[in-house]
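Below, chain A partners chain B and then partners chain C, in two separate complexes.
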Partner chain A sequence: MSYLRQVQAIVWKDLLLEFRTKERLVAMGAFAVLSAVLFNYAVDRTAVRPQDIAAGLIWMTIVFGGLLGVGRTFHLEAQDGAFEGILMSPAPKDAVFLGKTLANFILLYVVSLLVVAVFMLFFGLELGASPAVLALVLCLGVLGFVSLGTLFAAVSSGTRMGETLLPILVFPLLVPMVIFGTGATGRLLASRPVAEVVGDIRMLGAFAVMALAAGALLFRFVVED
Partner chain B sequence: MAAPDTAPPTLATEDVVLDAQGLVREYGPVVAVAGIDLTLGPGEFLTVFGPNGAGKSSLLGLLAGSMRPTLGRVSVRGQQLDFGDVSWRRRIGVLSHRGFLYHDLTVTENLRFFGRLFELTDLDRRIPERLAHVGLSDRAGFKVGQLSHGMKQRLALARALLHDPDLVLLDEPFTGLDPSAAAVLRKVLVGLKDGQRTVVMVTHNLGEGLALATRVAIQARGRFVWQGGRDEIDTDSFERFYHEAVEGRR
Partner chain C sequence: MSVSGLRKGGVTLTALGLIGLVVIYWLSFFWVSTEIRQGIVQRIFYVHVPAAWTTGLAFGIAALTSAMYLWLRDERLDRAAVSAAEGGMVFGAIMLTTGPLWGKIAWGTYWTWEPRLTLTLLLWFIFLGYFMVRSATDNPEKGKRFAAVVAIVGALDIPFIHLSVIWFRSLHPAPVVIKPEGPSLPGDMLTLLLASFAVFTVLFFGLFLLRYALETVRVELDARAREVAA
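Then we have the complex of A and B:
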């Protein structure tokens, strides 16, 4: 129970800070809306149907926008050496990782729902027959993404290249998430039967579990001396 | 003033709070801490003086468990600092010249957050007590970013003491404080000499360091070039003695 309370403390602190500063939510939300507007003008509707490419654009917007927020995970921690204070507490490093990942997940999941809503508006999409399943696909994809993003944000925050390094480290590892996330989202937006996306959902779930476990195991080696 | 003495005094095992043996810390070819032995009992307040680059902060980092020694070991109340099981961190409180505080959280929110990490269950009682102890009761609802530097240092001290640590480590706590803020902090630090806690403070400030110490060490080139009891020191001639010790003339 004490482990969960430590995780909860990290989540509470990160969300409260974000609520106060709105630094990352505003950046990610603005990026999502502006990307959808630009994609709307970039697509020649006489040559391609928007719904055929919307799923890919949605996931690319989530990835790029999410990186804006996840990349700044440790920015506020650097202020006044606060993260050092966390590391000097008896909280296990994996609890710290899970807390920060969960906070990032909540923020990015909200943004991903906004992304879908904005694309529906600009691309004239319909939600499909299974909005709950679409929400699950987004949930698993975002969880896998923030798990890797939080781990590598910790890596890159300790380097001179900082946020420039983060996409170079993370993007190659996101290929499975993009493939299965795009596949499932495209079919769900086209109102295809849920049975067609069960395989994709399983793969997204496996990706999320592996990313979360790898992050929890490796985080201590990133942040400890 | 006593002759140079690098041998720590002997304490009975049950009286030892901090025991560090053969501490060495290397950064590549640079040796920051070059073999330090240190044994402290309850109620002792050790001030470590030394010039820039003497390895004082590295020594404190090793005692705090924020960095691993290249060689040697540290125990607090008989529990060796082990990076797998970090329960010993409950026995240590650290105050650095950085506060480890979140400026967008309030004073109470900061203490509540760190209290939860230390698994403290009586925070509703503890937090007001600690704030009263450091004279910040009337600032409980203020964001840390709204506090003066002196108030932040006192809050950082409240954070470091929140979990009642046996060992308190202070890294240049007077840095950047004006005289009145330093006086307030000094008063709070004097309160640490309650016979229960053990304190190690590293500082450049000879006056503040001597005023608080029960034991004194001078660190240079990664090792203690002198250590002894506060009563062995003549305050008037200490500055000259310090410079001679640092320059290796003693």
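Then we have the complex of A and C:
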């Protein structure tokens, strides 16, 4: 099997499992909607205009909801030595990592679009003048997030503390994604010209590439025995 | 080097460092001239800046030895990494406490989201994760690998964190020593600063050697305990 076919097989397997159980998608989706409900009561909307803080709330919902789903990446195969089976297959470890990361990416990207939709619905948020660019910003941010998230989900699920450890490991590393992601999202929601967010998009892209490469390179050291 | 040799070296350097520290404190209180605009609070500079330098040095060594450990799998590299990282946590804590003390008087606030402050705070937390991962694994070999991965990804992420936090207006004083046009610090202040850099570095390496010797003994003790149990 070629490398791409191996990656594709892992992606397909994870998505199929998810499609059958719908566990993580439902959990993350419900989390997003319920967070928006709580935000509605936590933030005094007569004092703060929703569009002023929407970008920050959207990204924090993606981060927290994302951890919920990404943290369980390796629970799917925890039973009956299923993950050992995958590791013993001829697919190289970085193909396994890329497959798992891409499957997580697809799930979380769907959730992130849902988060934006929920905020539009609940808070009467306008999408801004360039929704396609906003979709790109979300795409790059989510890709960087799931790359680090998947790598450290493998680390934390190998420890006694499990998912409790995941935010401690990932949050300090996510600062660039949150800064550039919210910066770009805020300006796009306010219909500022696209030229203003090109820098953020470049940085989000570079961050995603770094995170993906680091994960593909280091994953083998996490899962070796 | 044998454990007793390491310990001897560690004790010597630590003692030298501690004596040097007393001298630095004395000089910074009674010898060096007072900075004209900031007044007496500026004297914390001779603790804060060398602590920051030592933190960077320590975490740099930890990241480098972690990467080399994953590559070469030499136990000594892991011991060096954990010893350096622990030193970095201690000197980082010194930097993160002396900084706000100075900031409260000079800036009027203990904390501000200034790039260098944010970066060092995050660095400190990345290495907190390093130690939590290590202690939360039942298999020590696995813990070493996990911790090394945390240190390496942390090091790779630093340039991004740095660039992103620079977005915020910078309040932090600009460098006064290492810059293209040469140091702008008055003579006696520069002398004392360079001396304090040397003292903190010696102290760090003294503590590093002691910690390294301790880790060596601990690993041997674990191995013997397993032997007895088997």
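Brief remarks follow.
Going forward, the second predicted complex is superposed on the first by the 224 of 225 C-alpha atoms of A that agree within 3 Å, B and C clash if a C-alpha of one lies under 4 Å from a C-alpha of the other, contacts with A are read in each partner's own complex, and residues count from 1 in each chain.
In this text, a contact is a pair of C-beta atoms (placed from the backbone, for glycine too) under 8 Å apart; a residue touches a chain by one contact, two chains touch by 3 or more.
Note that the structure is predicted; figures quoted are calculated from it, not measured.
In the superposed model, A:E224 makes contact with both chain B and chain C. Contacts of A:S2 after superposition: chain B is touched, whereas chain C is not reached. In the superposition on chain A, contact of A:G124 is made with neither chain B nor chain C.
Of the two partner chains, chain B is the only one touched by A:G85; chain C is not.
In the superposition on chain A, A:W12 makes contact with chain B only, not with chain C.
By the touch criterion stated above, A:P193 is placed in contact with neither chain B nor chain C. According to the touch criterion, the shared surface of chain A, contacted by chain B in one complex and chain C in the other, consists of residues 224.
On the chain A side of its complex with chain B, the touching residues are 2, 5-6, 8-10, 12-13, 16-17, 20-21, 76, 79-82, 84-92, 224-225. Of all residues in chain A, those touching chain C in their complex are 148, 151-152, 155-156, 158-161, 165, 168-169, 171-173, 175-176, 179-180, 183, 203, 206-207, 210, 214, 218, 221-222, 224.
Note for the complex: chain B touches chain A at residues 61, 64-68, 83, 86-87, 89-90, 92, 94, 96, 98-105, 109, 113-114, 116-119, 144, 152, 159. Residue ranges on chain C touching chain A, taken from their complex, read 70, 118, 122-123, 125-126, 128-129, 132-133, 136-138, 142-143, 145-146, 148-150, 152-154, 156-157, 160-161, 163-165, 167.
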